[in-house]
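The structure under discussion is supplied below as structure tokens; questions concerning it will follow.
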Amino acid sequence: MMDTWLILSLAVLSLSILGCMYRLLKGPSISDRIAALDTIGIVLLAMITIVCAWLRTTTYMDIVLLIGILTFIGTIAFARYLERGEVL
Amino acid sequence: METIQAFGEHALGLFILIGAIICAISTFGLIRLPDVYLRSHAATKSATLGVLIILSGSFFYFMFYLDHISAKILLGIVFVFLTSPVAGHLNGRAAYRTGVPLWKESVQDELKQVREHIREDA
Amino acid sequence: MALQILLNFILAFVWMFLNNEWSVVQFIVGFLVGLICLMLLRRFWTYEFYLYRVWALMKLFLLFNKELLHSSLVVLKQILQPKLAIQPGIFAYETELKSDWEITLLACLICLTPGTLTLDVSDDNRTLYIHAMDIQDADLLSRQIKCTFEKAIMEVTRT
Amino acid sequence: MSLLHMAILLPFLYAAALTVMRKPSLRFHTGWIILPIPVLLFVYFISCMASVQAGEELSGSIPWIPSLNIRFTVFLDGLGLLFSLLISGIGSLVVLYSIYYLDRKKEALRNFYVYLLLFMGAMLGVVLADNLIILYGFWEITSISSFLLIAFWHNREKSRYGALKSMLITVLGGLAMLAGFVLFYIMTGTFSLREIINNAGSVNDHTLFLPALVLILLGAFTKSAQFPFHIWLPDAMEAPTPVSAYLHSATMVKAGLYLVARFSPVFAGEALWFWLISVCGIVTLIYGSFQALKQTDLKAILAFSTISQLGLIMSLLGLGSAAAFYTDGSDSVFYAKATMAAIFHLINHAVFKGALFMVVGIVDHETGTRDIRKLGGLLSIMPITFTIAVIGTFSMAGLPPFNGFLSKEMFFTAVLGITELDRFDSQTLLRLFPVLAWVASVFTFGYSMMVVFRTFTGRPQFEQLEKKPHEAPIGLLLSPVVLAALAVVFGLFPNLLSYTLIEPAMAAIHPALLLPGDRFYVSIHMWHGWTPELFMTMGVAVAGMLIYKLHPRLSVLHEPLFRRVSLNLTYDAGIKLLHQGSLRMTNRYMTGSLRHYVIYIFVFLILSLGWGLYHYGAISVNMDRFAPVSLYEIVINLVLILSVIAIPFVNSRMKAIILTGAAGYMVTLFFVIFRAPDLALTQMIVETVSVALFLLCFYHLPKLEKEQTKPRTRIVKLAISAGVGVIMTLVALSASGSKLFESISDYYLRNSYVLAGGKNVVNVILVDFRGFDTMLEIVVLGIASLGVYALIRLNLASDRPEAVRKLDFANRLNKDRLPSNDVILRTVSKVAIFIILVFAVYLFFTGHHHPGGGFIGALMTAAALILLTMAFGMATIREVIPWDFKRLTAVGLLIAILTGAGSFLFDAPFLSHSFGYFNLPLLGKTELATAVLFDLGVYLTVIGITMTIILTIGRDK
Amino acid sequence: MNNLLVLPLLLPLCTAVILLFLKQYLVIQRWVSTVSVLMNIAIAGIIVMQVRSAGIHVLHIGGWMPPYGIVFVADMLSALLVLTTSVVSAFCLFFAFGTIGVERERYYFYPLFQFLLVGIYGSFLTGDLFNLFVCFEVMLISSYALIVLGGTRRQLRETLKYMLINILSSSLFVAAVAYLYGVVGTLNMADLSLKVAEAGQSGVLNVIALLFMIVFALKAGLFLFFWLPGSYSAPPSAVAALFAALLTKVGIYALIRTFTLIFHSNPEVTHSWLMGMAIATMILGAIGTVAYHDIRQIINYNVVVSVGLIIMGLAVSSEEGLEGAVFYLMHDMLAKALLFLLGGLIIQVAGTADLRQMGGMIRRYPLMGAMVFITALAIAGIPPFSGFAGKLLLIQAGLREGYFGLTAVALGSSLIVLYSLIRIFMQAFWGEEKPLQEQSPMLNRKLIMPSVGLSLLVIGMGLGSEAVYNLVADAGSTLILPMQYVDAVLKE
Amino acid sequence: MELYMSMSVGVLFMVGVYLILSKSLLRIILGTSLLTHGVHLLLLTMSRLKTGAAPLLGEGANSYVDPLPQALILTSIVISFGVTSLFFVLAYQAYRKLGTDNMDLLRGKEDE
């Protein structure tokens, strides 16, 4: 019965990823895209957590953290690149 | 006991679903709101809330129903807490500095004069 | 304060050593024992017992959660309203906070609460430029922040 | 190593010594130190004469590639001796002549003599070799040395032209000949000439026999300048005259004749052989003699004369092969007389033509021209030269009492005799032979007279000459005098040659006609009575004189034979076509356009694999064992397919990159679904980094333009890509539908923990079972980082770019570039960095049992370092981590390698790992594995690489 | 177990890593590189001798038995190619000392050089199909780095194409490995041989064989050679020589290996494709050799022609043909290296690659001229130089098996090749002397010595063909009977 | 499942090839990365899909999926990562120096 909730949540989250994709592709400013990308990352992180709960395994938990880290670093990198034209 | 367990499961499931719905609504804001700063409000932070709810729900689910205290989820929560404001801040700043305009119905911009002032000094 | 924490840890290890049992349980027990000792003799220290700070931190956390929930609902409501009835804008916020940690904490909390976003920090760390979603009264907003977050932070960081 | 070997190798060794030696002094002519060689050789071969005459055969053998039946086997029989004497004898005279002909101060004498010695040795090799491959080798060397000699004065355009032409044609023939030899080898299993000859007749029915015949003849005809391959010879006259005398009249051009004579025992009796040789020879004879009439350059006349004389000898060899049609002795002997004539004329031609070339050389040398229109009246000034010329030309024209007369008579006998041949239906054709022979002789007479009388008699016109003519110095006259004398001697006493040379040579050509121990009884006489031949000769003289007299007025002689098509023009056009055509053709498909190349490749792929699938009925989709599908998998599939298909349609760079990234993340999802956590982790990081790199590297590129393509191009693109997609799908389906064997992977699942001590099987495969792959994989990464570093840092100054595009993205968007206060980022990073680092170390250590491992751990570590750099700047990272990351890479690689090589110490195979469980203080029972050490190497390497790449790119501003 | 087999790879690998620590010390870098290549010649020599005396050698890396672990296998073919590679690489290295320039040296030329060798040796020695892919990648990525090292415009442009084509072919390679694994479930080449033979090489296996053919043909420059002429004219000549001598040969080796060991049961299919491609390669290559006045293009197309010639031996697939292929392969490695070194010298001396602007160099550079001439003869297969025995074997095989057209093309192409190279000699060395860039009367000895050494080898290999042939015959007999290889690897 | 996976592989190859046939360097590079994805999915498809748990023995499952293709894919991912990074940087430098990203303009006849 938990599975029903989880799959329902997954479906809702997929919808929100679609929404983010719209903003990602639409823009218009680069900051918009970065924000969208950031959101995608975080939602993805949530999705994988739910998948873990659904599969009843912690095997993919590393990915959760990984996505968190990558999203963070990615967003910072893009923002800095946008602001200064360089990352480092 | 079993009823409690079943109830708890439903409660956690609902909790997680609420998180997901919050995420969905923020994404809707991401589509709907008129300028990048406003979208930033909606998206990044509301989504953060939703995700945090989902993560904690999962954490408790693992803890109570799968007998596993997932330190990784906790760490994930901490990390999201820690980093998402920074990301939002930097992105907003970058947007502002690269000249992304505010929504035409914005009422005030106190940063504008300051920056122009600094520019003149420089 | 750091010294107190360190001492607490050392006491936990001493406890384990005395019990000759190296396990998590013993560590926790030892830590609690040390904590109690420290608390009992808290007047012995020149500055206050570190649990107060921990308590303040908890308070800050709860406050933040409250604000987070509250303003999230506000923003979600705005989003779902058929017509946008908001007046966004950027206002400058003078803070009394000094250290990097304090400023960062404040800025992050502001960022995390929906409806406000720290856009920039002045070079002297004294002014935060905040984008707000609905800026009916900038002073009111400033005062709100000052009373809630800034105060709570000060309770954590200052005596 | 026999003396014969020595004889062949001597010139080569001498040439090598000459090359290595210091430059010979200018005080005496280099020729003097060369001269002893041919003389010595001549003496040696003369000394062999007696034993050869007695029917003995000198031979010797050195193994070269015995496993391939290639032995440096040489033998000396009558035919070989005849040629060896020609080579060494004429060689001696030519060297002597060249000493006076070539100026020791102006010419590159050393080169000249080296080439000449090379030729001499090679030519001896050709005529003495028993092994066909050795023969072929020397054959090619003669072509090459001829090439070098023709172009001796390589400043002249015409020399180079002639050299190249001669080489192309003769090497072409050589290659054909080689193919013929190989065919023989395939038929007989031997390369030995003598074995082939001894077993002659055994392979005549083989299907390869006639092809071999034609191929070998092709070699002979090109070398001996037979029509239509003769065109190189006139141009070869650009060589210094001694070379023309030696190579292009006396010896090298006769190699073809040698080959035909040599193979006569094998091929004689084949109608094709008879016809090809006889007809080709007679055509060459008449064509050459006619062309000679039309020339004005003395050397050109002699060149065409040589062509025609070679044709004469060739046709005689062909006629002589008719002997093999008969088993009856007398008939055979009757036709074999043609062979005798051929041999005799071969000697005679060498003698008088050698003399004539030398005469022309003298005239050229003394007057500075060879044009008969400018010459005349030299008789009074150069009486000795004139005498030699008279002897030579009269001999060539076939006048008594010179040697040419005798062989010409014998030629007439042969052509008359062949009309009696009743083997073929084509009697008419055979009757043409005497007619053609007579006409050609008339022409020969005509040009012979021209050579001598146009030059030496008539009105002197010295004022047209470049220098004032004198009689040649005695040294220059020595050689032609000897040759002229021989022409007379052989004319008067032909039987000097009969027993010594001609009989043994004939024995070599017609071994079947002789009983063991028997010999041909050759006797040549001046007077045979009033025979038809004599009348023919008289007719030749009359008609020839007429032609000579009428020559200036015969306009036909001054017109090109064929105005439109001539063989030379064909050759030139051929070469031109070769260049232009190949340029046009190559440029047509080698466009330099990557797209075209890719199109070729994929079209080929579609065609070949499509053909394969169709031809083998390989499309057998067996779905029984396919895994079940669930809805969400289909959804992911759809999302993947949709995002991929959308990519070509978007026209913004950003969108294209993002869609590609989306596809990458979908692949990550597949990895999750299909139970591949390690893959998911890795793909996730790699995809992110790739997307980031993409954006970094491509942001400054111009706006993605909509591809302006014609509909046709688009259809082609679409067809090709769809083809590839369909093919890959079909093969995938048939491959997964036709699993023939169980995979080996059960072994890993069973043994990963037991034998390698790890529970994450993928990781164990990576660091242990297939650790070698991983070692090389990090090497690949290491090289990539070096490449990136060098690519960005090293820009050779010689190549200043004109179109450097600045990365002025920041300037474009943010004109003010005001300083920013990064306090928030910095403060948070202080915490985040350590979280990431700890996570990285965790991933590294847990990798052997859980998802993770050195590679992922390292990328996480690098992520932490990047965050550090972004938050605190380059200076900080240089301060915090003061080492060079390229060195870190090296250290990591070294650790990995040394871990592998450590097994050498235990005498175990490279990269053997061991593990064990140890009780450690604090940690308790702990597993220690060398695999972890190896993984540490991976970890360090990957950190080093990632940081090198990122810092290099980051600093490139 | 015979750890010796991994040394040819390990030594350059260690050398490269050590060189990374010596970035600033160019002199030491040179010495270390020299010692390394010389040692590798010795190691390769020992391997050849061991294989000669004791047959095929196998090393189970990590101690894992095949088909589960990766094996290194040295049969005579591998051993000979390793030996030839080590020799050629030494000469190219010595040439690089004088020509490559301090800048490139400082930016990791020597480590990259050694890394390239790692990939090449690995490709020759590995007995595992996927490991072959990995070794290829090591080789390729080093080649990318080497080809672009210096970053001139031409280099950048051509490297783009070179890299892209190779990325394509690498993708196809992995796809082919995937298909094969999907069908037979193993990666060890000996095991593959056994299983493919057991399955009768039918149906989809033939298609997979064709895919492998395409992949390796791309690497070898067999018919799909379009990338080659451009890429090889971009880098400095020491690198181009290395590429011409070694890189395509690895592709050829892979073709020979896969089609004699794995896909040999159905020769009328695969081998007729190979034959068609060989013919096309020889014809197109020969046409290319005479199309241009640019020395680089001429010698590049020469590389193409020889690929066709070697594959002819594989296509004929008789023992004689394979022997010819191996023999000619070894010769071609030496001769192409020599040709490219000489080409480089000419271009350096003349300051241009355009033949029309050269002339009369024989006066100042007679030795160079002589070497160019000898190289031309050797490449055209004129005895007694190194190319002859191989060509003879190829022709014999072609004629014996009745492939007359193929043989005719081979012979014709060697004539054109001779013509194209003699043209270089004639136009650059003969004729009126034209202004040269280098005015020194004698070239620096450092520059000319490697070419001299290689020339002597080309002559020596020709004269000593018997000794070489004995080794080659060993290789041929193993290739024609793949069970020897399979037994050596799988039965321990 | 193999059917759908094969189709996905086919689509990845198709679009990858289509992009590689473009003029723009960016599209070409995107094409190669699609090709790489296709190849990796292909390798994955060639293992027995979903026949067991992830190959982590600690999980104690009854059966596991084929670990070997995973290891191969991992190696291939890492290698393509290295190659791709070099390629990016090359493209970047090439654009800076050659001034175009249109491969049709980089035929190489212009400076010969």
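Read from first to last, the chains carry the letters A, B, C, D, E and F; within each, the first residue is number 1.
Basically, a contact is a pair of C-beta atoms (placed from the backbone, for glycine too) under 8 Å apart; a residue touches a chain by one contact, two chains touch by 3 or more.
For clarity, every value in this text was computed on a predicted model and none was experimentally measured.
J.: More contacting C-beta pairs: B-C or C-D?
T.: Higher C-beta contact count between the two pairs: B-C.
J.: Nearest chain to the global Cα centroid?
T.: Answer for the innermost chain: E.
J.: Please identify which chain has its centre, taken as the mean of its CA atoms, farthest from the centre of chain E.
T.: C
J.: In whole angstrom, how far does the Cα centroid of chain C sit from the Cα centroid of chain F?
T.: Centre separation, chain C to chain F: 46 Å.
J.: Any idea how many Å lie between the Cα centroids of chain E and chain F?
T.: The separation of the two C-alpha centroids amounts to 28 Å.
J.: On a C-alpha centroid basis, what's the spacing between chain B and chain E, in Å?
T.: Taking the mean C-alpha position of each chain, the two centres sit 59 Å apart.
J.: Using mean C-alpha positions as chain centres, tell me how far chain A is from chain B in Å, no decimals.
T.: The separation of the two C-alpha centroids amounts to 11 Å.
J.: Hunt down the residues of chain F that sit against at least two other chains at once, touch-wise.
T.: 20, 25, 28, 38, 40, 42, 45-46, 54, 56, 68, 75, 79, 82-83, 86, 90-91, 93, 97-98, 103, 106, 108
J.: Do you know which chain C residues sit against two or more other chains?
T.: 107-108, 118, 120, 122
J.: Find every residue in chain E that makes contact with two or more other chains and list them.
T.: Counting only residues that touch two or more other chains, chain E contributes 130, 134, 137, 141, 144-145, 148, 151, 153, 160-161, 164, 168, 175, 178-179, 181-182, 187, 230.
J.: Provide the full list of chain pairs in touch.
T.: Chain-chain contacts present: A-B, A-D, A-F, B-C, B-D, C-D, D-E, D-F, E-F.
J.: Considering the complex alone, what residue numbers of chain A touch chain B?
T.: 1-2, 4-6, 8-10, 12-13, 15-17, 19-20, 22-23, 29-32, 34-36, 38-39, 42-43, 45-46, 49-50, 52-53, 56, 58, 61-62, 64-65, 68-69, 71-72, 75-76, 78-80, 82-83
J.: Which stretch or stretches of chain A touch chain D in the complex?
T.: Its residues touching chain D are 21, 24-25, 27, 30, 33, 37, 44, 48, 51, 59-60, 62-63, 65-67, 69-70, 72-74, 76-78, 80-88.
J.: Please output the residues of chain B touching chain C within their complex, sorted ascending.
T.: 22, 25-26, 28-29, 32-35, 37-38, 40-42, 45-46, 48-49, 81-82, 84-86, 88-89, 92-93, 96, 102-103, 105-112, 114
J.: Which chain D residues qualify as touching chain C in the complex?
T.: Going through chain D, the ones touching chain C are 819-821, 823-824, 826-828, 922.
J.: Can you list the chain C residues touching chain D in their complex?
T.: Within the complex, chain C touches chain D at residues 22, 100-101, 103-104, 107-108, 118, 120-123, 125.
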